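In this document, chain identifiers A, B, C and D correspond to the written order of the chains, with residue numbering beginning at 1 in each.
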Amino acid sequence: MLDNYQSLEYARELLKPWVLSESTPAPERLDVELSAENLVAAVTALHQAGWGYLSAITGIDRPSSDPEQEGRIEVMYHFCWGGVVTTLRVFVPYSNPVIGTVCIEIPSASLYEREMIELYGVQFPGTPSTDHLLLPDDWPADVFPMRKSFTGFDSPDAD
Amino acid sequence: MNNILPIVALIIFPGGLFLLTSGLAYEWVDRKLIARFQNRFGPRWFQPLADTVKLLAKEEIIPQGVNAFLFILLPVMGLAAALTAALYVPMAGLAPSFSFRGDLVVTLYLLSVLTLCLGLAGANSADRFSLIGATRTLTQVFSYEAPFMLAMLGPAIVTGSWQINEVNAYAQSNLWLIIAQPIGFLVALVGLMGKLELPPFDAPEAETEIVSGALTEYSGRGYALFRLGKNVELVIGLTLVAAFYLGGLASPLDFLWKTLALLLVLALLQTLFARLRIDQTVGLWWRIGALLALVQLLVLIVL
Amino acid sequence: MMKIGAMFSEVFRSLFNKPTTHTYPVEKIPAPDHYRGKLVYNPETCTGCMLCVKDCPAEALELITIDRKAKKFVMRYHTDRCIFCSQCVENCRFSCLQMSNDQWELAALNKEPFTIYYGKEEDVRFILEPAAAEEAEQPCPESA
Amino acid sequence: MDKQEKFIVPIGPQHPALKEPGHFEFTVDGEVVTSATARLGYVHRGIEKAVENRNWTQAMYMLERICGICSHVHATAYCLGVEKLAGVEAPPRAQAIRVLIAELERIHSHMLWWGVAAHEGGFDILFMYTWRDRETVMELLEMISGNRVHYSANLIGGVKFDIDQKQADAIRKGIDYLEERTRHYLEIITTDETFLGRTRNIGVMTSDQAKSLGAVGPTARASDVHRDVRIDHPYAGYDRFPVQIVTEKEGDLEARFIVRLKELFESYRLIREVLDNLPDSELTVKVPRKIPAGQVISRVEAPRGELFYYIESNGSDQPERIKVRTPTLPNWGTVLSTAVGLKLADMPMLLVGIDPCFSCNDRLVYVKDQNQSLTEKTWSWDDLRNHGIERYK
């Protein structure tokens, strides 16, 4: 087993071809930004090298304060290996929120991807299932509760 | 006068009322003992009665897709068969109301009717849990029935009679058969547990898998009758085993302490084990139970 | 090594031991000293800083200021909302909030006992009276 | 039962085997399970969204209530993360108390689990006795913290209460009793024949399977995968009080029992060590109401496995985003992929074998069946519901 520094170096090396920018927010972390189309390749590289396991996929809504500019959704793939965490970040715009699915490489990612589909409206073409995961079956299709613009439905008692 | 006695026997003693009350009482003792084994308080004395009254008062829901006639008939038949079986058994240590040569076989069959009714009731209700429960119940019947019968035949063979009354009399005047035929006693006792679907042989109604097995769709009266049937069978089964293996039943006092002692052992056995899977149950009975009973029988015949 | 009935001796002993179950309403076990039961408010030291109200995760506290200078405060405490986390006790720098360790049987059959008013007697009366009067003046038909 | 000769046994959403709502469907052939699917999400409460409208302190109590069994680890993960963002560190005594409570919580969680698991196998006597003994640790926790379930020990920047000598003695006494009992139970689960018949070689998961499915916690450790955040990345007081990893090689249900029981001995040792060496310091440090902008990942070892928190602040007094990934989620895959080929009777034990916490994971899973395709013949929840509506119209 590699120590923390070595494993981060290893990840850095594996991800080199696709990195847009990188940072180390904490000594045991590597944070890498990628473009959406390179994500699958990067995940595949990490997974096939046996670099840890996909621990979580986090989404964050980044609405734009400038009306001219479109808001984006940030999606993070966290890989844990022993004490270290590598995070792959991609940004997708509201108008085209599409990321390739990683379920082919990591079948258990299906759950995380479905959560993203439902809560943020990100699309993963090719993901095995898009059934409702968390929300009720009769949840409206175009409402994504984790986006900042969602502040709840009108209460039925209001009228 | 000739007509009244059988009716009394059927309705009050030893059938009917007496059996129902003693069934409830024995259920309470069983539950209380298990609770104490588990370091709990357990129910109060009227709990089984309260359960029964409540169930009887409840609406009986007949699910769609079942044969309603059978659905209602089966619990009644089961209970009736169990009550009838009591007529040939020395209940409360008194002589059986009816007795004829070969009544042992009849009693054993009557005791199986309840289980069969249970299986049929499960198969009749179109519920998945019931169906699985029914399959398991019937599978289990085929596994414990043969060893149980063999175990009951042991005393009959040494007596040289198939009449329960005579076996009882023989047991009273001879060495307790539990010492002479320990294997038979063990198989009979454990067979009784299988018959009553008590843990660890409760796979047919394993609550964590199939809710309550064959009886899942039963509520209200039907369920109450099945429960009563089982309680009655518990009493009869205990009486039979006590009469055969524990030196016979000569008086009500004899009956009381011998059956209660058996119940204590039964309750202890219930608490001690994890539930057997149905394949383990079948394996256990055919590989060990039947074999042991056969060996015992062979030894008896040869001697 | 395999055993059949590995728990036998223990189980058998239980038959002669007292059951461990507590028969609760009959036999009551005193709560530990640090038990977090009903919140108790002491108006004497309160400065009306509102820190308790601000951090309450369940919106169980309302502090009504009658007169800040005269230190006239009334606390309306909703036991049914309270999650008994004691964050308010931590926040209070003047120790006027405490969680009681003997008042924890808070169940009731209606909603009324769940709203508790704390404060000096005359202040509570001052808060309660106008509300009562208001209610009496306009009986709300819709609320029926 | 349809024309395809498929016989599906539904377990849940309400079922005696499940102590929380979840829905599983097992297609059986006789008694043998041929495929397994699950739908969860019956207890989804939208906590991740809700915390975005609360201040940092209130969010902690919200997150603590994700789970009723492992409430302390949620709050610990959150507090450690927020403290890191704020650039402060809780004093050593506070960190030690966090470890102490986390280990006490692990004891109560594991005891709860093995009681439930024994009950699923119809071994009610073990269930009753473990839950009786579990009261000891519940009472200890109540004595220290003032509540049996939500201890609320954490504050951002420290802990709420101290451990005094009297309490320490009571804990030592309780731990001694529990250690003896645990040793006794370990003997029972490894020797009782009927129970071993239900656990040995059931639901075997190999080490490679566990690694690739991303199993965490005791489930992974029972398959000889060395994953424990307390060791890999010591947090709170775990650098001062190191833990030894406990693993088993078999990967079956028995191994999962053994790992959890042996882990308790480690917990007992650790608790004694913490009590003997409680560092002297303050209990809290001051943390500003507004947390500086930034993002942090906080991982802790919950009783069920790795708990993952991603916390982001925008510099205000409310969090920007808190992502929680609970340990039950990655463990689901392990259950449903080992279910195929087993007996129906083993399902409840297998399901609880990973110590699932539905309110923790409040998510839905769909698993492919043996031939790797979602069969049309398997009833979906919708079909079932419509069927129910049609049937009982």
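Descriptive notes on the structure:
What we mean here is this: a contact is a pair of C-beta atoms (placed from the backbone, for glycine too) under 8 Å apart; a residue touches a chain by one contact, two chains touch by 3 or more.
Worth saying up front: this structure is predicted, and the values here are computed from it rather than measured.
Graph distance from subunit A to subunit C, where chains that touch are one step apart, equals 2.
Across the two interfaces under comparison, B-C and A-D, the one joined by more C-beta contacts turns out to be A-D. The most central chain, judged by C-alpha centres against the centre of all protein C-alpha atoms, is D. Distance from the subunit B centre to the subunit C centre is 53 Å, each centre being the mean of its Cα atoms.
For the pair subunit A and subunit D, the distance between C-alpha centroids works out to 24 Å. Subunit B has its Cα centroid 62 Å from the Cα centroid of subunit A. Subunit B and subunit D have Cα centroids lying 43 Å from one another. Under the contact definition stated at the top, not a single residue of subunit A touches 2 or more other chains. Counting partner chains per residue, subunit B shows two or more touched chains at residues 37-40, 271-273.
For subunit C, residues touching at least two other chains, in rising order: 4-5, 7, 11, 20.
Screening every pair of chains for touch gives A-D, B-C, B-D, C-D.
The touching residues of subunit C, counted against subunit B in their complex, run 4-5, 7-8, 11-12, 14-15, 17, 19-21, 23.
Put simply, subunit D touches subunit A in their complex at residues 41, 44, 46, 48-49, 84, 211, 213-214, 229, 232-233, 294-297, 299, 306, 308, 310, 312, 320-321, 323, 325, 329-330, 332-333, 362-366, 368, 374, 380-382. Residue ranges on subunit B touching subunit C, taken from their complex, read 33, 35-42, 268, 271-273.
Partner subunit B is touched in their complex by these residues of subunit D: 1, 7-11, 15-17, 28, 31, 118-126, 128-129, 132, 192, 194-195, 197-198, 343-348, 391-392. Residues 54-55, 57-58, 60-62, 64-65, 125-126, 129, 132, 135, 142-147, 150, 152, 155, 160-161, 184, 187-188, 191-196 of subunit D touch subunit C in their complex.
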